[in-house]
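Sharing a structure with you now.
Order of writing sets the labels: A, B, C, D, E and F. Residues in every chain begin at 1.
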């Protein structure tokens, strides 16, 4: 689409999503380009998670289209997924593997193997020194969340989709996370995020999209 | 081309299919009643007594149609499953779902009547013969489909999962069938074989055919009626359903 | 042939009527059950209609 | 592709190694099932020799079916399956990797142990040899077929037992040829034909099932 | 106390009823296992009649063991077990209620179906009668004993299969007396003694196991 | 201890808790009486959840004692538990039961059966109108949390132990929850709570206990 290879666009047109027989999102069209952040707002149950999972390709939209660089994202699934990082309510950690192993397997499967020293370094910098080679099932809720979020520090994906990343984190961790998101956006990444907490994560204003406003 | 496609999709929409299914069901019920009445009359009063098996052979008039029906229904379900997976049409998945209980019912009837036949003829309710065993497996496949479909609450997911199961099962059927040759099977003793129809009385054959068509008509009627239920259940949020029921309630 | 003779089915009464009986039971029960669930579905939709206007 | 496959195998084998008991439990289940029969049936060697291939194969079927639960459900529950679905790798390869690892963990040990158990049922050396070959060809097929069932029932509360209903009918051909091979050998007919059939089924399963399993996984994680 | 018991039974039966397929799957698993043996062993009725009681009881054992997974693990995973532990009710009563509900859901249907399957193995009417009584006395014991294993393995990744390892050895006495009762009847000795023994085991299990299970639950939820 | 039957005390003396071989809490002694709230603070992994579960009786302390009205809480387990309400990270809901059924079974097992109308009323008042008889597995994360928290509205327990109750809730729900906690404390209840979010839940100051301050 553009001459700069790190210049991406994500667009939706007339997207409709349902859960059960409830239509949650109807005719949603928006577009997002490199260097922009989107803050998704809405009450509990308004359909934020549903929308994020649909954008990531885990759910099938009822109608409408999601386009990545102008192509239907489902048709260029591998290309799209190699630029995508999704973090949902679940951490996606194996409790029997250590934090370092979790991160390294994940990186390898994304085609970007990570050496062990680098992994230790990252955990050190996000406040998990001393917990790197403990099976993650022995970590506290907040510590597990930190391990899951460590993916952001190694990711080279352009599009980050984050569903309530701040939950369970203490003040220090929230700050570190804000930092890495801000940096990603400034370096031409895209972020789509939901959170009920009152935090900022970009230097300029983020786009805001509110869904289901009439509800609850 | 354009208009042909249009027609296709018109009837593949549940809203238009619903009344059509109603008409088909009513029509099929009439045929069913007629055929079964004639068939039963012939089974008991026209077909002659078998020289070897006496009156007991009359079980054949339901055993055989039920066996055929149970296998044929599975193939029809496989057909709808392919359609459902390829074109993502809701109606074909609904048809698969609507056929399953009836197919299972006939598989059960086949086994039951077979058992009630085997007892006087072979002296046992059951043998682990290849043909009988494969019918049992067919029943399991039906039940597996029903259980899987019932266990998944999201019906769209249930449709797709069920379709995959049905198609995988289809592959299984011929394998089981040919395994007879390797498998140490108990042969069906001194009984009439399925293929040498020549020994069979002409009226018996006709009666069996009538009963078979009766079962076909029955299956169609039931499936249409059940698909109507399924449509209502799944589309209960739709405007046309609300209006339809509103009139009658 | 008397009626009771016919019922006896040449000594095969249990098997013949066992088979036909079960088949009849299945083929009669199925439409009846179907009708019942059809009514239940209609009632539920009618109730939804009333609640949600 | 091959690299992805190896990473996945490595990941799952590491996980199993962390939980070394996993390696033994399938095996011990197999042993217990085999051992239960003489308790229920009585100790006559003639009867036992007669039923040995059947019992052995039914034991293998049940053990491999039970082990299926470990294939995807842990990944599903903790969200790592989502992450696997979103990696830029062909899903079929990931599935194949997981099935291979699963077989290495649960199928292979069983094949190794079977001849020892066969001795307890007074099987002949020739029969034992054929049985091992049959198991070696048959158990991977069981894992491959089972993966479809495991994927279809993912996240359903009934999981464990529903999978039995779906998968056991699919296992039956393997059972028939597998037990048939041993019986044919015992009766002097030679099990060659049965073994070739098992090999053919394995090849077909290797090619076809990862696709079905991938489709089922995508559906189940909606 | 009784009220608590009834509430728990009601809760679990309601849950099972929501998922009606649960009611059938254990049953169908049982049917399939019973059906697998003739496929592996061959169809000779003489052999089959010989092994019928053993196969039937092994089938019942396996089905009831597999069903154990549903007993506590769902409650554990979603946190409602914590809540049950913290209610001001004696834990033994809660456990007993859950086991009773579990038997009603998974054990009873099996007892009802067993005679039909027995017919396929050409068992005599007398044997069938004794088998049903034996199952009626034996299967609740299986549920009670199994609950201990289910509680101990709670939350372990290996759950399903580890529980087999723990529980099957405990089941063996039930298997021996249960299959023994049928065999004794078939050989004309009468199964009375075996049945009394099964009854005695049930009584002891009823009194003792809820305590053990409660203790195991407290440990597992730490 | 006191003449008023609704007058309770919770004390710990020299409580030590460990997880794995890490000593998390050493020699902790505090006491709490009716009408007081305790806010437990600490970094991710400092041992808050461990302490709360120990207080509730789900974990066994390494040493030290927990006293309820002067008696060892483990020895009067039933009496203690009939005055206790614990809400952890997990919601403790059955996904196959509806919100109303969940609440009613829970109340019944606490020996305080609840009639159906009352249950409907409660869900109505906490913003779940229309979701009362949907199996809870169909609810969004925040909605599930709300159903779990509905226990607070029917509880007659004196001691509430709440582990991050505000997570996943939207602004309205956070407010409602603050309200019910405040009311409970004002009516002579006790609350022990953890949260990383910056919320207040008592009219006066709550006691604050910070653990593992030197960590992370």
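By definition in this document, a contact is a pair of C-beta atoms (placed from the backbone, for glycine too) under 8 Å apart; a residue touches a chain by one contact, two chains touch by 3 or more.
These numbers were taken from a predicted model, which means no experiment stands behind them.
For the pair chain D and chain E, the fraction of shared interface numbers is greater than half, so the two copies use mostly the same residues to meet.
Using the average of C-alpha coordinates as each chain's centre, A ends up farthest from chain E.
Separation between the centroids of chain C and chain D, computed from CA atoms only, is 42 Å. Inter-chain spacing, taken between the CA centroids of chain B and chain D, is 32 Å. Between chain E and chain F the centroid-to-centroid distance comes to 37 Å (mean Cα coordinates, whole Å). Along chain E, residues 19, 21, 25, 28, 32, 39, 42, 74, 157 each make contact with two or more other chains.
Counting partner chains per residue, chain A has residues 20, 89, 95-96 touching two or more of them. Multi-chain contact residues of chain B (touching two or more other chains) are listed as 140, 143, 147, 151, 154, 183-184, 236.
Every residue of chain A that touches chain D in the complex is listed here, in rising order: 56-60, 78-79, 81-82, 84, 86, 88-97, 101, 105-106, 108-111, 135.
The residues of chain D lying in touch with chain B in their complex are 148, 152-153, 156-158, 162, 165-166, 168-170, 172-173, 176-177, 180, 183-184, 193-194, 197, 201, 208, 212, 215-216, 219-220, 222.
If you check the complex, the residues on chain B that touch chain C are 44, 49, 54-56, 58-59, 62-63, 66, 101-102, 105, 108-109, 112-113, 116-117, 119-120, 218, 222, 225-226, 228-229, 232-233, 236, 241-242, 245-246, 248-249.
Listing the residues of chain E that touch chain D in their complex gives 19, 21-22, 25-26, 28-29, 32-33, 36-37, 39-42, 47, 50-51, 53-55, 57-58, 61-62, 66-67, 69-70, 74, 77, 157-162, 164-165, 168-169, 172, 175-176, 179, 183. Across the complex, chain A meets chain F through its residues 19-20, 42-49, 89, 127, 131, 134, 138-143, 145-146, 164, 167-174, 196-197, 216.
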